[in-house]
């Protein structure tokens, strides 16, 4: 298989020792096994996420995303930009759409970029790692390197919002996307297809500003996962991962629940199935340890 | 009343819809709403809205400027995009809500102490400072938004979580002294400043 | 050529296995008196059909009875020119509905035998309708009304090669549409108001020799019938021109609901106009800024939808005029297209722009027209108008001021005289009531068509004064043959629908003149060449036929005898059913064709405990329902004998009394739904039957019979399961009653 | 059949629903030669599968019976079922049309005696009931099927089941050797009366059609209410056969929606109002109907019907486009989530059954039409540039039955005008 190369946009949360550093770790191991080469966009900056709107306004948010595009165009010409973070992907894609459709905004954006000595020509292509896996590698490609099938492990595929709406993964439905389930099955695990909260919002950035409201959301998400018979949650989004994992203890305090469900990234599952170590899979980065998976690594 | 707000009132007299079309992100789509209410029913935080999106659109058409801009409803948006994908008129509702919130914020009409307003501001300033988000300072800044006492309180409440994150190498105490940043900070800041300047001019903000 | 009768009995589809066909043949020969009797194992296939054709050709057979499947089946196969034909229903009517098994062989055979007897008896009384080709029949078509619908009809008729007489009461063609600045879009992309096209149509009409136009003219009098209507065209000058036409399209359009009736909405006050008023202002502005009557440029306008419409209090119009939402949208864009800064608000409760109108709605929103779901309660006119309304979304009372307020009032049809009101007055007038005579004459002056019909001067109205058809599948099934309403006179509608409607009416008018020329019936018995004749020497001038004819086909001549206008007749036979002295009949459907079937049935003696029930079933709904019961292999009592009738209205009470006299135990009549939402395609057939039967109670008593022995029921075509239950329950009921005391005396 | 049978004076009508039958009959009753082609084995189209019509609540099969009788006795119409148009060439007054005739595997000898149906055991989904039930693979499509002739489902041809059917037929009507035929005819004018099809409800994801058994379409509901339907007219929900007494009707399911159909399908409001009366008919005061709507489009005198339904205590109205449907796993009831926008009232209401008032899309969508045909933004047929082909009924616009018949009658006259010109030129 020829090496596939992409311009990598890890995003703030996936940096070293950041909240999704374990995501980064596992993505790197996963890509190694799949012979995918990721080259970080040099000097990339934050996407502004969604909540940046309050102070950021429209054009500044477009500009900071365009800055990443411009850098990618210059330093990694011809390579698709690949984001692992849902917010980074969405922020970038929205910026691209907006600039493609409104020449006025494109003009103003480049005016701003000029101040940083940059210019965006408008021909980057933005993709999420999940798209790369499904479209470029394919499920067969994902299956090939499997050496330790995740036999007997039950996962609820929690997709969340921003990898699903408004763009979503080609061929998937907004209300019932199936790709995580299919990945889990491909890796030999068992997908809880009856899980009915897979696209429920975790509260996103409001986890900080409106904890009660978003923790109610998270409660439903975890509860339904238990109801479906899952042992673990798997997700493609760092914010979803953080919110659903970090606040379980809080929710237990508030609602007297006994939640203790590991929340993992698809990339961690793959790394484990590919024979990676606990460390390579970033399993040591779990607040709620995924013993069942660690056991497989130990095998 | 901020001068920006004054100007807006002057310029649009009683036609709030025109004002929104000109100054609010995607505001020119507000007029296309047909009041079906699918957005109102699709929002995860729906129960916490005083006015649903579709109702806000009607209020805009009805010229209820103060009521809309001082409302904290838009601030409930979690950016889940359910409303966008279901809207039969394809209104970019999420963005309009963000736009309205930002506009109200810029005019100084947004509710004081609205937590998301404050967190959002904190977040933006944090990312602009270094070009990348510093999760530690962000978190601390957030906990201490209501002053030391409250900060320590929430801080302690979340201590377990915090320590857990540190233990899991997903939160770095050292970040408090610097941490991740873009190398060309100068250029980055110049760019952001420029963008803000253009936008302010366009929308009549006195930046 | 002498009549020669033949019966053909099919033994296919299992008939031969379940019934003794040779015995049936014998019956056809002996009792049915058929000259030729043959059976075939597969009568409907090429060979069987050829056998029949050969007999017609070589044996000079003129009348045939096919004893096989239902008259509704294998119609392609059993289609023979120049012969009269009856069908005895041995398959759907016997084989499929009588329970299987030996124990039922006897009753099954008896049933089949009776149907063969009945088929033979019927065909003996039948004549092959000759038809009635007119040497001189007019194929010109009168169009009344020169608006959009009338002009469309006229042009479409002319384009099809027929001559048109177009009568318009005003001094110019164009009607309401001529007063519009623009019309709603009627073609993709449905985004912009379009030119009305009136001028072009007027020019085309002027350039079409086949269209003769009478302006400033009305209809002074209409007499005759399809193919020979005599029209007196009354001109303004007082002069009268006579025109002969074959059919009529009534496109007399609508008037706007009078704003003055809406004082609470500012009707009559300054700067409050209706949609027509706004069109006038827009025409005046001619694309420039629209100004009010006082010359002030309009900077803000509010449209109030459903003004005096959709009113359930009984004060104003209860219906919706359909076009008004689209019209207000169009009018709002008049302002927006001229100056986007003009505030335009449309207050609606349900925005009704069906179909592609949705694109027009979007386009207006795009232009900044503000739509507000709210109900206006009060409008005041003046220099600054004010509208008090409840915003139904924001759930609050509010008010708004505007330079101009437009009320979307409704369409009121120009349909002429309401016959519901006319009939009692005429009856009174005929009774010699002088006041009524005055009323009648006054009323007649308000008539549009001034028909010289026994049943009134205009076409019957359906609902809210609109001259619409009663049927969903058949919008052109009118109650006056050869006269077709088109456009808003028959239903509230916009221009797009009107032009479609007028084109359809044009076709029906053309069909009507072609039918009239050869004596062919119009829908629903289209193609029927039979027509009613009366032996006037027997007539008692009771007028029942003239009064009860649902289509106003029968007038009274100077001697008060019924005067049949065959071209107006729809061949339902209601007159035949009405006639107490039984002098009215069709060649192939008469008191005898049915009566002889009733008598042909062999009624068992009392001790045999085999009741006989006569079922007279409407051929359109009840008879198919019975067929379908057979098709579904549901079983019902073998004691019934079913005779299909054109309509229960054609049922003459003599058939009932004959049946009872000959010892039947009961008679069951199956007709269509009656009442306001009647299903009867001959309007009142079912209702008349119920009425008539309610009257024969006395006759039954004289015969010493219980009234329960005669039942009149309503059956829908979907009732195959229900009809089986009805029959079986009725048989059970009659068995309780015991056998008819008349048995043996018949 | 050869081209000689049809000439430039022949009118081709495509589609045997009420619009096609009307166009064909009106022309034929004006003395014109007509060829009526229908894709399915029977005439009648969509309307024949409705239980009742609004606003009269009468039965469509009543009008069907009249139209069939008109057809049976009119020799100007040649009917071809199981036939589709595969190509049209030529121009106004002189078209050459290629027809594809699918094998029925039953010839005109068939007397509909039913022996083949009795012999066969294999079953296929019943197309007449939208697959809500099954019927024998040798079948008469329905009680009023015309032509009244059986159909052998292709799935049993070449199997022992097929042979059973053949063996059972006493008149040699079963012909398993039948092949698809291609026929070429000429016609002066073409009327496209190809009708409509329901928008694919599964595409309206938040409503879970296909995921939740008790969410059905308005057309399926017609079959449930019809005595000739799969439940014999009992309103039993597909999930568990339980009586559906509390029914939700969701308007604009696909219509007025730029994610689905841009246009308003016109009939759905009235159809749902009508169907609330089915619920009343079935359960009386115990029935409960709730209509979720954006605007109730009961135009002209349909308004009377709306007002009548509004007065019906068993029917309530909620001004709201339902946001999403969830399923109560315990009892299979759909739960509707949304907001009543008249004053902003949030709801989460449970019903026994949800009926989606699905929109109309032209059946022609996806069919290769002659380039000359003009379509609007929703693919409804406006006509042809050469003005020799015409759209009629629901193929031309989303129309109710009454207006479809108006439209078809008008199209019929336009077709007559074309062939008439031919006649005069040919005579000259």
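Letters A, B, C and D mark the chains as written, and numbering starts fresh at 1 in each.
Keep this in mind: a contact is a pair of C-beta atoms (placed from the backbone, for glycine too) under 8 Å apart; a residue touches a chain by one contact, two chains touch by 3 or more.
Quick caveat, the model's predicted, so the values are computed rather than measured.
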Contacts shared by subunit A with subunit B include exactly D
Which one chain sits nearest the middle, judging by mean Cα positions? D
Pair of chains joined by more contacts [C-beta pairs], B-C or C-D: C-D
Measuring centre to centre with CA averages, how many angstrom lie between subunit A and subunit C? 67
Centroid of subunit C to centroid of subunit D, CA atoms only: how many Å? 24
Can you give the whole-Å distance between the Cα centres of subunit B and subunit C? 65
I'd like to verify one number: the distance from the centre of subunit A to the centre of subunit D, where each centre is the average of its C-alpha atoms, in whole angstrom. 46
Contacts with 2+ other chains: residues of subunit A: 174
Multi-partner residues of subunit C (at least 2 other chains): 351, 373, 393
List, in ascending order, every residue of subunit B touching at least 2 other chains. 34-35, 54-55, 82, 85, 89
Sort out which chains touch which and give me every pair. A-B, A-D, B-C, B-D, C-D
In the complex of these two chains, what residues of subunit B are touching subunit D? 34-42, 46-47, 51-52, 54-55, 82, 85-86, 88-90
Can you list the subunit D residues touching subunit B in their complex? 206, 252, 256-260, 294, 319-324, 337-341, 344, 346
Subunit C partner, complex, touching residues on subunit D are 18, 25-26, 29-31, 47, 51, 53, 56-67, 69-70, 72-75, 109, 111-114, 140, 143-144, 148, 170-171, 226-228, 232, 256, 262-266, 295-304, 307, 319, 341-344, 375-378, 380, 382, 397-399, 401-403, 405-407, 409-410, 412-414, 416-417, 420, 424
In the complex, subunit C residues that touch subunit B: 343, 351, 361-362, 365-366, 368, 370-373, 391, 393-394, 398
State the interface residues of subunit B toward subunit C in the complex, per the touch definition above. 15, 17, 31-32, 34-35, 54-55, 58-59, 61-62, 89
